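Two complexes are shown next, each including chain A; its partner changes from chain B in the first to chain C in the second.
Our next item is the complex of A and B:
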């Protein structure tokens, strides 16, 4: 049970240290043993005075979404923070700088916007910063100290993180920031707390396992490295670029190779080339890059060559909204390409899942000899969560079927028919297994062959082998949460939105609605039977997703053959928990009414 | 011309070819090219070069795209990857990144290379990927039965240019020289012995080697790049040509009316793999230990 659950939003202008303050906050809380989820929003422009917001939710048990309401709003720039005052919940705190009050016109100071059920804390942030550090630049640290003092947050953790964050700079900078933090802390500890925010004790540390805080993209990197990534090829694109940048530092340390290619076409082409030659290879991109890659993806399917493609979705179509989140590349990921071209597509729903899916993607690509897409989105790529990494590396270093014994006097049957539809696979350099692979339809030897029976047989093979991915060991393919057995409302979700779905489902259950939520991590091939069983239990099935057309709803309806209620939003930001909750209430009521008739 | 004082008997010639070991590099599949196609010379040249250089079959990978040249990997007894139209070079780059010990030969036609694949060539060249690029230039799209290509001459009449091609042809040799290809040469399918010799040189070169092969399409081009025309046009590079002189190479490459055969340019410089070795050395030298990625 969460005896701690508060969300703080820090809002300021670029240059106020907003994101930095949020960073210290989330790291300190994670260091202290709390669970954290954090998502920053900042302007797409590199320079300027745009609005920055760092939101951090701190809990005892890990949660996978931010709350719709923040408990604490810290303003480092009133004009940016004023529109966010309404997001502060009932009896929540609004903390701002008092020293600016005389200088602004009426209505432009945040104190005039604080609502009657908010607790305002007006502080001399600038003054304290100047007194302790000689400059106003440490206002962000002073206010962190204040929050820590007010809510009795563990001071040592903040000291550690400030030391680590500023330790690379001059010693005097660490010293003055500690002083700023301490001054704020003293003031906070001295303040009579009026709000209802309760901070309990963090959960016990998980013995032996490594607790880290990382973004979805960092989890992809970590999973790839743990799975033994040999070669990476990529082309910069938001929001996937940080995967490549982290790997550029880490991969060569382990003897791996990373190449920045001339475009996304070349990125996947080289990935497929490296996969053909026996390496574990990957690329990462966003929707526009995947659009360029689908031709090569088809070759990977036809020639049965392993490759891993990480796709972090952003707002579309076309160049769309590069710094906004969306889930609108599902159709492209699952169906994109010429011909019947099934591949494996997985969509993790949280940061830990991103780690799992990333590592398992390499196992699957190698084992089933196919391209594997891991579908993330900007929200999941960039948000931080505390993650418990397993003590023992959970990924198989080699899951290849291998070249298998073959008669040296006969040509090598690279595409030989087998019981599991997976053929032996030799790679260049191996003796006695010479063969050619091709994007043309081919026979068991890999020779071009367009005879009717051959195309039927090979199409079967390419599709049937992938069904085994649905029982691949060590990964959650689908999972149901909440009430068991028959329920009024079932919520079926995928990707990062599942965090908001879970949150809404728990709130609905607190209201007495019988409901449960199911996530599908594997989208291709779709786990049809478990989803059918879920439909059997649900009075109505709701599919919330961040796209206009209801792409997952389309996929589910086409394969399950039952109606769903769609909930589609395209604001470019995560879905509101309240929107999902409203829909659950409406469906529950309708279902009860139908049952009563 | 062959020396006619001694009669040449077919069985003797066959025995000579068999004994040479060249056939060990030929697969059981017979080429699907039209009789008289220049590509037969390239196939013979590749098998002869590999045989002469004693490179084991298992260590060779032939990568092709789409076009008449693309069936090439099926005709050699080596590993092969028949890829997509225009995407040979990045696929070959990936193969070399995964396993630098392989001898990788990329084959492609003028359309595959300079139309759809044009964006990849500068990057494979400047990175000095240690592969050999054999470019089969027949100045036409043969597999789709005769349309103009980026190297078709001005005024060429084809199915897609019934009122004659109004575009200027590219000059691939000048392009590759300026792209930073560390070995650039030209050969002619009508001179198979020289061609085989040039293929061997290109394969031996450590780094990106580009061999431009003039090769008539006997089926769809009866007027332009025919054997009789090319026989009259081609010439050898001047005996004193300095292969380290970029400007001299450029000047020779600019003479398109009389294409010169031979090695235009060569230089020794670090390959893509050398660059990776350097990056790994620096990364590991700097690393204090297995650093956690973005860990708390």
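Our next item is the complex of A and C:
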């Protein structure tokens, strides 16, 4: 059986149907049983002439990131697609409309930019669209049909998805899109194929478990709902808004409540309030929103109130780059706020991880009585992956250490000292559980108290209880991949960049470089001992991340006390696998040179 | 040498690529753009018969690796069709409505297969062997030991025919006036050459014209050739080889003189001082014959590419109009031709 592994990039202008074509493609391939990972890039403008790119990687086996090189580039707008021609790999296909609407100046047609090691496919997309549907608007579906015909992709799956996607509009729209697809398909099937893309059979279904395709944000929603989310408060912000949009539909169906607040401060305030009242509550935002939330975050830490905050990072600082990805809110997530304000911070590395982290965040928030931040980024929030969800709900519906754990012979102490530093928690309305909650430092009863020994004791309590999160059941907080034992190069990563790290590591191993990759999902508290052990095995440790300052490298170095090699990029798009691979090669070479001396 | 130029070459065959190579060798700075309707880089069509006996794909036929073009700064515009040339404005227009300015233009667009009028309606049932795609289709249509009916039999076709015979395919040649084209042997020599072909293993049918080609019918060979005398020939593949027709449509209206091909002087310059032509597309003035004539074959065409390039850069050299182009019978008793030699 041929293993399928190809990546298509569809590039056009807003309004060309670029993202829609990508959406049909990825859903159809997932429907057919292939593994899919997809990521769209779109302009900050709601609609206009900005560039849109939909990239979809289709595989038989599970993969961890998009490829640096696409095998197929489809241009729906040459001026936008031309800069992306170099991303097409050797003997990859460049597919474009053969004719412009009007005369174009020299160099403005993509055919002049197709490189010698590419294969050009010049098609009458506009004409076919006009002939089959009466308008040029279906060029995107024509080209989709062409790709399906050329590579013999499962036609029925495309029909199903087109039906589902456009079925809510009008029957005539479905019909015209099917016609456009069929016309493209016929042309593709009749085209002499020169490239070497092979499409095999999809992998067998996973027994019992559910294979679905979803975005990181959708996984967060699914995880939250499975964990029993009761209340959500939020203020829209790219790229987190879709979490609220999806919950607005789904949460009321399950008896939950969703409120759009006036701003992010209110959103977290309401979340903390709901958490105080015993509800499983959450909010979602991006870096600028988190900056506004830090005051309430501090209250949650001090008052030991559970809350879950999903933060999808984008390019910063300030309003920065709303539609570009970055990993530059790590410092804010881990350290932001007044005082010693440690909280739990987790960063999933893929969509399935986003599901698990989301659900576990509620367990942890409740169990350790603290705010929990789940740190995503635009790349992870918006990218689609086929994931396997467990058949049985993996989340505990109630992990709270309730008031029943307190000493019945004493007055209720909301902040009682205990062996595990977690106090029995009552919620308002419980009989006999009168207590005080304040943002001021307080004693066991919750009453303000700024005595030195009390502050030391309470600071200990707030920090030490979080260490238990490092052994929280049912979640992987760190994991090592690749070669075991001593290696030349170790790559330590976090968040969405870990997919590219894994790809680079596999490629490096194919070149004979001994290397391992470790992901840290739990960033606060940091799993120091496992990371130290990883350092012990590595000749050099590389930390690639999408920020300028090397925020994770800073965090690791401050807690591990060992040097790392930083690899920082801030292009607003996912890190290139080739950049990581180059760095691995360089470090391996340096290790060899040092060993030879 | 003139200041930095933009040399535009239409055609991706031997002539065009030889010209590009010569231009770059002597002019490191000027811009070179090569335009072709095909999707592949320059490949050796003479080697296409290899597909009958080798596991290979189109990459095995490339004359240069893709890096060659990048290294030599030669832009190759593939899948691009020139629709018109404006010699006064020194621009050409591509089918996708892009205009391209040039300083010197070399037309090396070659020729397409000529098809007699009576076979035009059957053309969808005919196969060619002039591109990788066409060759691959023939190879896929031919079962082991399958039969090919070759109509006409110009020297390009005869080169293929002998390869097919060597690969144990059955070849029936329906001879015509264009058999041995571009040579025009006298009656006696023609008969002798046909006998040689027969001795090489081909079935020869002479003196009767094909009038149409049909589907072979259920349970029969894929194709049926109906001859003027009512005979029917069955084959897996039918291929016409009646000589070449220069590809010059896009040059109509350009202002340069055209007869069948572009008319050029021995320096390969057309009637426009900035437009040159080389290869199968041009008719070269022969003072001896007092007429314009075509020159074919890899070596001739390659030579033309070099001459055109040198003259485009300001030299004044003439193309050799006395090439060795005679058909002959070699030591093995087989028909042979300088047209079939290439490097």
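Keep this in mind: the second predicted complex is superposed on the first by the 583 of 597 C-alpha atoms of A that agree within 3 Å, B and C clash if a C-alpha of one lies under 4 Å from a C-alpha of the other, contacts with A are read in each partner's own complex, and residues count from 1 in each chain.
Methods note: a contact is a pair of C-beta atoms (placed from the backbone, for glycine too) under 8 Å apart; a residue touches a chain by one contact, two chains touch by 3 or more.
This structure is a prediction, so every number in the text was calculated from the model and none was measured.
A.B. asks: Mind working out whether A:255 is in touch with chain B, chain C, both or neither, as first, second, both or neither?
C.D. replies: A:255 sits against chain B, while chain C stays out of touch.
A.B. asks: For A:271, is the partner it touches chain B (first), chain C (second), both, or none of the two (neither)?
C.D. replies: Only chain B; A:271 stays clear of chain C.
A.B. asks: Looking at the overlay, does A:246 come into contact with chain B only (first), chain C only (second), both, or neither?
C.D. replies: Only chain B; A:246 stays clear of chain C.
A.B. asks: Looking only at contacts as defined up top, I'd like to know whether chain B or chain C touches more of chain A.
C.D. replies: Looking at chain B versus chain C, the one contacting more residues of chain A is B.
A.B. asks: For A:429 in the superposed arrangement: first (chain B), second (chain C), both or neither?
C.D. replies: The answer is first: A:429 touches chain B but not chain C.
A.B. asks: After the superposition on A, what does A:98 contact: first (chain B), second (chain C), both or neither?
C.D. replies: Second partner only, chain C.
A.B. asks: Let me test your reading of the model: by the given contact rule, A:533 touches which partner, first (chain B), second (chain C), both or neither?
C.D. replies: Touch status of A:533: no partner.
A.B. asks: After the superposition on A, what does A:116 contact: first (chain B), second (chain C), both or neither?
C.D. replies: Once the two structures are laid over each other on A, A:116 reaches chain C alone.
A.B. asks: Within the complex, which stretch of chain B touches chain A?
C.D. replies: It comes out as residues 28-29, 57-59, 61-63, 71, 73-74, 77-84, 87, 89-95, 97-99, 101-102, 119-120, 122-123, 127, 272, 276, 279-280, 282-284, 287, 290-296.
A.B. asks: For the complex, which residues does chain A have touching chain B?
C.D. replies: Its residues touching chain B are 27, 30-31, 210-215, 218, 221-222, 225, 230-231, 233, 246, 249-250, 252-253, 255, 257, 259, 261-263, 265-267, 269-279, 281, 295-296, 299, 303, 386, 411, 427-440, 447-448.
A.B. asks: Taking the touch rule as given, give the residues of chain A at its contact with chain C in the complex, in rising order.
C.D. replies: Its residues touching chain C are 90-91, 97-100, 102-106, 108-109, 111-112, 114-117, 119-122, 192, 194.
A.B. asks: If you look only at chain C, which of its residues touch chain A in the complex?
C.D. replies: Its residues touching chain A are 39-41, 58-59, 66-70, 75-80, 94-101, 133, 136.
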